[in-house]
């Protein structure tokens, strides 16, 4: 790998600057404004005591997620899905991915009959909005769980989180495997992969797509290697953010 | 008026702290993140050269606006309008108000055949989201017009803005007329009025509603007096924000 | 003011001929076909014993309203909102205005756990459809309340109406303040205001909009004066209509 | 047949009182407020010079129809289809029936490239709304065609109407064949049939449905006989209405 | 009638080859893949113990139907109704016809509080999809009822079916009355009629439409004669199909 | 691996019986009814000369796909998406996957300005509906391309297919890696992966999801090995199906 390949000067295996503003929202039980470079996502976690009717009485909770983009998050304005009257396929797909990813680190018995809705709203988009969403939603989720514990909705000794979770994109751009693609890189990528990993380094979701030419086993392996490195870094950043005191608590 | 009536220590005629972060978005031609206390609205202005087909060839431009709230902007989570598949009446009403208010200070001949879409997305709500939206949208609009002028889409000597515009809420809470109601005040207000005013102090829109008892002419007059004072202050803040250099330009 | 300014020969402060056909519908508990000149609105009030589930057990009733226009009420045909699959912003806004206006004169405790839905369907439109709707809906509401009392759904001594309510439009056309604008006047109006007033002469709603140039305090005051005069006349007409015996009762 | 069977005193083969208020609407090119007893339908015909794009250049016109009921046309209020966001099956079915029925008496070549939209809005319903709609829509259509001829959109010698068209319901109630069912009869009918017939006595549409027991050939024949008698009477009433001078022309 | 008029060599009074693959679906309680020539419809009957809430406690069941076409069932592809977000008028109309037709041969008391949903999905269309749907749905319904009886949801001695039901189209093509129109014939038919008949030869539904010229009483009678012959044949085919052992039972 | 683990007697690495009925539809330019055991999907390819407006003039074609399930394809009936008025997230996600997968083996320059829509309608579902869809859609696509070549819409020497494509699911059930999961296995799988592979053995899409516990690199590798074996077999079956003469051509 050459070191100077990327528009923003990053090395192929380097993340963009990642910042996590925990507790950004005064209204939500947990929240984080996360940035992966110019990609900014506001993640909120809404804690409700109780579960949907079809789950009542099983002693288990539920976690779900919704993803959306502001109309001018991107370079040219998109119509609002509310105005179009329907949620688009891409939005649905990403909402489902975020939900599955976060549920994979939650012990629903330990959560008890509580529901958490994660909202990931992209305020500004520059590639990697789904991976930033998952990574930020974990921080919001952790805070909402702490909130629920403090108020007694979750048992004192319950450990609803089995691990942390983060996600990063990797891809092959101009023949070069790269970590954390910005939009300009993503749109040129021949292969594009989103990898969701636990803090312990196991896979929760691997989604690789050949945008141009099909990819082979070696390329797949190289990309997975990169993704594990990037996610390890993100796990540290999440841990650091959660170690700080929350302002105003 | 007593000075110590309000929960946050304000006098009845005092605005909440107002901040305007101009150029918040790297993607939009104009943008402002505006706060009225804990109410935070991201306003973007999207500039498009050209107008909708039905307006072509008239030498005139168009300005339109859309307002929305993030699902967890408020104290309890609301369902997304995109998920419900329809835009609600309140959203429609406020979108239309913002559009009318901004159009009132635009000379469409001077704008030429260009279209500007204003998006006001409430990131956090604590009362006054529509008035903050109008006030912030003006700043975003001004910057988008400057952008269009620099690129030659608007004539060099054209003055598409005829004045500035801002808006503030006033209301009678527990018998006391007050400026810039926070949510807790708004929900207790007997009469609630939103007043949109030009920088020159003329009315663009007056919307007064008796939530409890009907109001009389004197109360109406007192509220209008308060609103004119508040809007004059907002006009100064807008002017100050627009006088600064935009970072990164 | 000159006396001969208006297309239909009215003086600036003169209402169009107003007729109220009470009990037009054999099906509804209360109804009125109201005309303001060529504007004709069929107002029905549907009385239901009981309230929506979220209100049960509070001993209070509810009043709500829906407004709509027949597709060919206007000079050129509009698509039906049912066919488009969504209620438009203007329709939503007016429905909400009618609901708020009528609720302002109802004592929900006295109404008891009963629900009244007001439907205002514009059969023919020539300006002032929302003001005719409010004025006619009051008559339909009064009859539906009488119906509910006769059948014992409302207590014998209960007074669910605290006052009457009517509405009229005023505006500045070619520099001249005018009452009850017909469509041709409305579309030329620089300022347009809808004023909802109780029988007692207090304000329920004031909605003034600068369609052209912003308006000043003096103009606002002149318009409010005109509106109060017009509404006083409407209150008399409502009273007269309600004083008659209902055919077929 | 006994003479005194029916609630309103009609004989089995007798129509309800039918009235046709031609030119009810000042806005539409043709209109009729038609009553079959307490069933009242406002029919408007909107004339547009030109045809939908997919028909352009063929020298032929088009006629289409939309049917709807006001929410409180019936004994208990129905939700608006616009509010539900979709047109119901029954509405669709009747709109299509009206359109087919009217198109059957139009010569599209003689109409030329003009479009007519028929709107049938039921203001009050007491059975037979679809048959009253067809019968009234014919009058509105005839007037709209005359309007188009006067203004030169239709050739001077063109005869776009090949015949008149009317419709009536027939049914077997308590074993007795009856003409023009009121709602209370319709809901008890074992067999229910709507028959659309030209002025010349030929069938355009026959829709017979066994609501209770299946029906045999004899019953079918008796019902068709009744329907032809009723439609002949309606054809006379249409002719009489169209023979009068239109007020205000 | 000449014998050699039709494209596929049929005589005017001859059905296309009809096949009924009973038990096609492993998932549904009753099913049939029915062919009328190249028209192929998959009919499934879904049996649910219980009825919708509004029917509970009356000791009666319910039968309903939904019809749909695959997007490429026809010669040119249609947009999916799910993608368009609304069910079209034709689909609604046919779904309602199928439901009414099948309900006409069901004794709801004998069915008990059970619900059967009939789904008729057109896999390939060549005219007569609604008549094939009704004819096939009857077979699926009979099997679902047998299924319910075996499992004790329907009383042992109950006879929920009062008769069989089938349907066929008839029409006048180039002046010649014909049975079971294929698409190419249907699109040229001057009059088109769908006739739903019980096994006992009585009418459930007669829907005749003049597509071109209106039709007279004689033509109507000839068409009804043809339809009764065709339906008698279909009733035999249904009986034969139901007489066979179901594979895998 | 033990050989007798699976309900249907398969070994862990064994596909279910796969059948491909090519040319099932008389209407579509290409079609295949494909079965993976009890999963049956009707795949049609609709060929249109021309491309959407936004692609015109670039000399390139387009391929898109839509997936849907009949309401009673599954063990319990689902509501139709057309009736619900919106396409669900899962449907969207799978439609997009099928489209991407097929596009990956198409050379759009060689296709020329032609559009192919692939419809995959699940008639019966027993796990693996998306993989059967992709595998069958390839056969339909190949036939539609041949159709387009014969008619001269595609150049004589053009090779629009760069490879074949198939897909298979793999998963870890009760600790055992398995190929081609039936529904009962899929619902018990801890990890579930869909792998789309070219005939040449390269990856087009890898979608692995931890339904229960996260998975590690070794498990991922074992699953990929299995998937490559299964897809090689499917590629042979596709080739064999395409080698046969199409009936009726």
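The letters A, B, C, D, E and F name the chains in turn, as written, and every chain counts its residues from 1.
Convention: a contact is a pair of C-beta atoms (placed from the backbone, for glycine too) under 8 Å apart; a residue touches a chain by one contact, two chains touch by 3 or more.
Remember, it's a predicted structure, so these values are computed and weren't measured experimentally.
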- From chain B, how many touching-chain steps at minimum until you land on chain D? 2
- chain B onto chain E, rotation angle from CA fit, given as a multiple of 5 degrees: 180
- Among C-D, E-F or D-E, find the interface that matches B-C: by residue number, over half of the contact pairs should be common to both. D-E
- Distance from the mean Cα position of chain F to that of chain A, given in whole angstrom: 29
- Here the gap between chain A and chain B, centre to centre from mean Cα coordinates and rounded to Å, is 32
- If you average the Cα atoms of chain B and of chain F to get two centres, how far apart are those centres in Å? 51
- Could you check chain D for residues that touch two or more other chains and list them? 85-87
- Task: Can you trace the ring for me, chain A first, then chain F, and on through the rest?
- Result: A, F, E, D, C, B
- Message: Per the contact definition, I'd like the list of chain C residues that touch chain B in the complex.
- Response: 86-90, 92-93, 95-96, 100, 104, 163, 193, 197-198, 200, 202-210, 213-217, 220, 224
- Item | Of chain D, residues touching chain C in the complex | 25-28, 31, 38, 42, 44, 46, 48, 66, 68, 70-77, 80-87, 91, 117, 119, 121, 123-126
